[in-house]
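Both complexes shown next keep subunit A, but they swap its partner, so subunit B is in the first and subunit C is in the second.
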Partner chain A sequence: MTASSTAPLLAIRSLRAAYGKIEALKGVDLDIKSGEIVALIGANGAGKSTLMMTIFGKPRARAGSITFDGRDITDVPTHEIARLRLAQSPEGRRIFPRMSVAENLQMGADATDSSEAERTAGLERVLTLFPRLKERITQRGGTLSGGEQQMLAIGRALMSRPRLLMLDEPSLGLAPLIARQIFDAIRTLNRQDGLTVMIVEQNANHALRLAHRGYVMVNGLITLSGTGAELLQRPEIRAAYLEGGRRG
Partner chain B sequence: MTAPASQPTSFSRVPGIAFIFKKALISALVALVLFSLMIGIRTEAGPTGQLIFWTRFGDLASMVAIVFGGSIVVELLRQWWGPVETVRIVPPSAQNAMAIGRRAIAPVLLIFTFLVPVIFYDQRYILDLGILVLTYVMLGWGLNVVVGLAGLLDLGYVAFYAVGAYSYALLSTTFGLSFWVCLPLAGILAAFWGVLLGFPVLRLRGDYLAIVTLAFGEIIRLVIINWQSLTGGPNGISGIPRPSFFGIPLTPGDDGLAARLGIEFSPTHRIVFLFYLILALALLTNWVTIRLRHLPIGRAWEALREDEVACRALGINTTTTKLTAFATGAMFGGFAGAFFATRQGFISPESFTFQESALILAIVVLGGMGSQLGVALAALAMIGGFELFRGFDQYRMLVFGVAMVLLMIWRPRGLIGHRAPTVFLERNQAISSELTSEGRG
Partner chain C sequence: MDYFAQQLINGIVLGSIYGLIAIGYTMVYGIVGMINFAHGDIFMIGGFIALITFLLLVSLGLTAVPVILLIVLLVSMAITALYGWTIERIAYRPLRHSFRLAPMLSAIGMSFVLINYSQIAQGARVKPVPPIITGGYTLHEGSEGFVVRLSNVQIIVVIATIVLLAIFTWLVSRTRLGRDMRACEQDQTMAALLGVDVDRTISMTFVIGAALAAVAGMMYLLYYGLVDFFMGFVAGIKAFTAAVLGGIGSLPGAMLGGLLIGLIETMWSAYFSVEYKDVAAFSILIVVLIFLPTGLLGRPEVEKV
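And then the complex of A and B:
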C-alpha cells in the first residue's frame, strides 16, 4: 500500500458485523482514497457483500468504525448515508421492475438535494454513458435484459451524483461482452469524471485489471491487499481466483 | 385449421375440437360432482324439526349443461382473444377502435357522471345507487394509495371508514359542529389512526401485514361495539345532522335553500346535493393521488412496492414513506366515512364489518392495482353488478364468482393493468443523435 498524505474518502477500521450468532466480518480494515477504483474480491460467503451492506448500516456494525469524508457514519441511518452521496448498486441489481427506465433513474435523484439543472446534467451523463438506456427510456425496467438492468442500476446510483460509487457484483450473470461494456463504463467514469469506485467482484481477473488497488477477503477478514497488477501476479491469487478450475 | 407454411407463426398452437370437448367434459364432470349435493338435493327442516329433502335433478342437469357449454365457449373465446403466446386474430381495425374507445372511457364516464342527476332526476333509486357507487369509488381510490401504489396489503381499511364516520357523528351530535368543520377533522383523525396502525407494522410485508391490518379493523369495530358510553355500542348513533349547502340547510323551511332560491322544495334536492358532494370528494381523492404520483413521495411509494431494499439504498426513508401512505389512504377513508354518516343519518358497527374491507380490496384488485380508471370501473361493476343481479337472488353470488374467475383468467392484472409512467424526457434535454448512434457501450 502506498502511503498518502490525504485522508482516505472511506476509512474502515476493525469492523465487525454478524447475522445473529454467525460472524460475517471479523475485524476488517479498508481504505478508499478519492479518485481511485478499489476492487474487493473473494469467494462466495467471504463477507464481501456483507461489508458493503454494513457500510450502509444493514446489518449494523458490532464493533469498529466507518468514516466517510471525515464523518463517522457507523451509526447513521441507512437512508441518511445515501444522502451523503455514497451510492450503491446493490447485489442482484434490484431495479424497480414495474416503473419505467426514466422513473428508475429519477428515483436515484429523488432523495438528494440536487437542483433541477444538476438532475438534467446527471441524466444526460447517464444516457451518454449508456445509450441503450436512452433507447429504452419509456420501457418498464422489468422488460430490460440483464445487462441493461445492470446499466440501469448503475445509472440510478449515478443520478445521486455520488462521491463514492459502490458496485456489488456488476458482472453477475452477464455475458462476457456485456460485462466488458460495464467495466469499460466504470473506467470511463473514473477517468473522465474522477469518480471514486469500490467494486465487489467474484470475477477477479476483470476487477483487478480495472482497479488501482485491490483487497482479498477470506472468511470475514482481509488477507491480502495491493495494487491491482500486484495482486494479479500473486501465485495464491492466481491459484484461488483465476485458475481455480484448472488446479485439479 | 392449418397455418400457411410461409407464415412464421411459430407458437400458435391451436387446440383441436377433440381437445376442447375433452376439456368441457372434464369441467362438466367436476360440476356434476360438485353440484350433485349442492343443487341436486335440497334439504329443509320440517314443521316438527325433522329433515325434509327433495331432489332437483332438472336444475342439476341444466347447471351441468351450462358448465359444459360455457367451457366450450370459454375455450373458443380464449382462442379468439388469445393469451400471450398465440397470435391475435382480432382485426387491426377493431384494435384501433378499441384503442380509441379505451382513451375515451374516462372523459365520457366523467361527463356522464356529472349528468346523472339531470338525466335521472325523477329516479330516486338510480341516484341512491349512484351515490353508493361513488362512495365505493372514493374508498377504492383511497385504498389504492396504500395497496396499489405503496404495495401494503391492508385488510382493515374499513377501520378508517369507521373512524371517519364516528368522528363526524360524535363531533356533530355532541358539539353541534357543522359538516364542513367536521369533514377535515374526520380526515385528520383517520390519518392519525392510519399512522398509529402504521408504526407497529413498519417491518411487516405481505401476508403478515395483511393479518395485522385485518386484526386492526376488527379491533376498531369491537371497541365501537363495546364502548357503549361513547359510541352507543351496537345501537349506533342516530340523528346525525344532514349536511347543509355551505351553511344553508336543505329543508322546506323559510331559511332553506329552496326558499332562498325561490324554487319549490323537493326532497330530491338533498339527494342531488349529496351526489355532487361525494362526486367532488371522489374527484378530490383522484386529483390528489394523481398529483402525488408525480411528486417524489408518490414515486417513493411505488418504488417501495417494487423493492424496499433498493429504496433504502437510494436514500429513501422507508419509515416516513410507509407512514405517509397509510395516513393518506386513511384520510380519504375518513372523508368517505364522514360522508357516509351524514348521508345515512344513522351509523352502527354493522356497517363496518370485514366484508366491507374485502369488498373495497376486491375493487382495487379487480380494477388493476394502481389504476385510477380501473378502480372506478371495478367499483361500478361490483356495486352496480350487485344491484343488477338483485333479482336473481340466490344466483347472485354465483354470477359474481363466475365473473371474478373470468376476469382473472383474461385480465390477471385487473381491468386496467397498464400503469402510466410519470416521468418523461423533455424534448430539449434529449441527447444528440450522434452520441446515441456511436455504439452500444
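And then the complex of A and C:
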C-alpha cells in the first residue's frame, strides 16, 4: 500500500472533469508530498474547488488519474475516499446546521471509524486549536458565526485524523483577525503534527506566505508552479492576484 | 364527561396508529425530499403479514398469546421492512437523479402495484380475525349507566407505540446510523465526503419507516380485527396529512400530527357526524397550513448560513 518515500502522497495526472458540457478541468497535473503545505491559487471560476471535489469523485473525472499514497483512487466511491484519511473542508464550509458542534465533530471521527481513544485525543486537539468551539460545543452548527463555522469545518476534517487535509478558501468572508487565527492554526498543524495540507485560496498573499509550494490555476489549467516565495516574486502573480487584489 | 373521556381514549389509540405511519412519510421526505405514496400500502402489507403469521402460528398449535404477539410483531416488521427496502431499490433509486417528480410518480405506481398484488394474492374480501386480545378495565361507571372502558388491546397499542418511539428516538439522536441519517438529510454531498454511504443510509430509512408501518398494521389488525387490500389508501392519506400537519420532516411533528388527526376524527365522529369526520380532519389541516405553512413543529425553509 505505501509507496516509496520519494513518491508524492497525492499525484494528479492529466485530470479532466466537466459539469455537463462545461469543461472545468482541462488536464491538470499536481503533486503533493508528505509534510508539505501546497497552495492552489487562481481567480473565481478557475476550477480550484472543482479540482478538490473531483479528487473526491464529485464530479467524477472524465480522464486522467488521481493517486493517493500509491493507490489509484480515480474511480473509488466518494464515501470510501474519506476512509483513506483524506479530509476536506469544502467550499461554503458545509457544516451540518441542525447538528450540535459536538455532533459535527463526531461526523468527522466517524469517517475513519475512529476508536474512543482516538476520538478523545482528536477532540482535545481540535478544542486546543480552536478554543471558541469549546464554548459552543452544545450549540447547533447553524447558529455559529462565519468564523466559528470555518473553525468547525476544519475541526471536523481534523477529527478524521487526515493524512492530507484539503481546505477550500478557509479565509473567505472572515474578519482579518479571525483569518489570521485560522492560518496560524494551519501552520501549527503542519509544523507540530507534520500534517500535509492543500489549501485553495483567493487570498494569494496569505496562502503563498503559508505554503511551501504553490500552483496557479487559470481556466481549468495549471499555468505556473513553484515555491511560495518564488511565486510571490513573479510579476504576473503580483499583478493578477496581489496588488490588484489588495486594493480591491 | 364520561363520554368525552371514552372518546379521548379512542382518539389516542387511533392517533398512535396514524403517528407510526406518519413517521415513515416524514423520514423519507426529510432524507430524499419525496412523498412516498406507497407508504400507506406498506402499512397494509404489514397488516396482512401480521395476519398470515398469526394464522400460521395458531395452526402450528401455539397458544401462548404473548409469545404469538411477539413473533407476529418481529416477523411482520422484518418482512415489511424487506418490502420497503426492495421498493426503494427498484422503484426510487434509479430515478433519484431524474427530475423531481419522477420518484413521486413512481411511488404512485408502486401504490397501485401493492394494492392490486394484495388483491390478487389475498382476495378482495375483508379478512376478519377473531379478537386475539380480549378483556379490559372499567375505569368509571357513570350515573346514567355510561361506562368508560379501557380495553387491553388499547393498552397494548399505546404502550407498543410509546416503546417503539422511545427506541426510534434513541436511534435517531444517539446512534451512528441516526447521525448518518440526519447528515444525509441536511447535506448529502458533505455526508459522502465524510465517509457516509448515502445509498445505504437512504435504504435504512426506508427499512425503518416500513418496520414502523408494519407495527401500525399489526396494531390495526388487533384493534379493528380485520384487514383488507384497500385499507392502506385512506390510512395513508390520513397519516400523510398528520405528517404535514405536524410539519413534514419533523419526527416529533409526525407523532403530534398523528395524535391530533386521531383525536379530531374521533371527537368529530362522537359529537357531530361520522360521515364528515374526514372533512373535519382535512379542514383542520387547511386552517393550520394557512397560518403555519410549515406545520406545527416544522422549521422554516430558510436556514441561517
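Operating definition for what follows: the second predicted complex is superposed on the first by the 239 of 248 C-alpha atoms of A that agree within 3 Å, B and C clash if a C-alpha of one lies under 4 Å from a C-alpha of the other, contacts with A are read in each partner's own complex, and residues count from 1 in each chain.
Just so it is clear, a contact is a pair of C-beta atoms (placed from the backbone, for glycine too) under 8 Å apart; a residue touches a chain by one contact, two chains touch by 3 or more.
All values reported here derive from a predicted model rather than from experimental measurement.
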{"item": "Room on subunit A for both subunit B and subunit C (clash or fit)", "value": "clash"}
{"item": "Which partner, subunit B or subunit C, touches more subunit A residues", "value": "B"}
{"item": "Touching partner for A:Asp75 - first (subunit B), second (subunit C), both, neither", "value": "neither"}
{"item": "Partner chain(s) touched by A:Thr112 [first = subunit B, second = subunit C, both, neither]", "value": "both"}
{"item": "Partner chain(s) touched by A:Ala185 [first = subunit B, second = subunit C, both, neither]", "value": "first"}
{"item": "Partner chain in contact with A:Thr120 - subunit B first, subunit C second, else both or neither", "value": "first"}
{"item": "First, second, both or neither for A:Phe56, with subunit B first and subunit C second", "value": "both"}
{"item": "Touched partner set for A:Ala102, first subunit B, second subunit C, both or neither", "value": "first"}
{"item": "Touching partner for A:Thr143 - first (subunit B), second (subunit C), both, neither", "value": "second"}
{"item": "Among 20-28, 92-100, 128-136 or 254-262 on subunit B, the segment whose C-alpha atoms clash with subunit C after superposition", "value": "128-136"}
{"item": "Subunit C-contacting residues of subunit A that also contact subunit B", "value": "56, 58, 77-80, 82-83, 88, 90, 94, 96-99, 103, 106-108, 110-112, 156, 160"}
{"item": "Interfacial residue positions of subunit A with respect to subunit B in the complex", "value": "56, 58, 77-83, 87-88, 90, 94-100, 102-103, 105-108, 110-112, 120, 123-124, 127-128, 130-132, 134-135, 137-138, 140, 156-157, 160, 180-181, 184-185"}
{"item": "Subunit B - residues contacting subunit A, complex", "value": "296, 299-300, 302-303, 305-307, 309-318, 419, 421-425, 429, 431, 435-441"}
{"item": "In the complex with subunit A, residue positions of subunit C that touch it", "value": "176, 179-180, 182-183, 186-187, 189-198, 299, 303-305"}
{"item": "Subunit A residues touching subunit C - in the complex, by the definition given at the top", "value": "56, 58, 77-80, 82-83, 88, 90, 94, 96-99, 103, 106-108, 110-112, 142-143, 156, 160"}
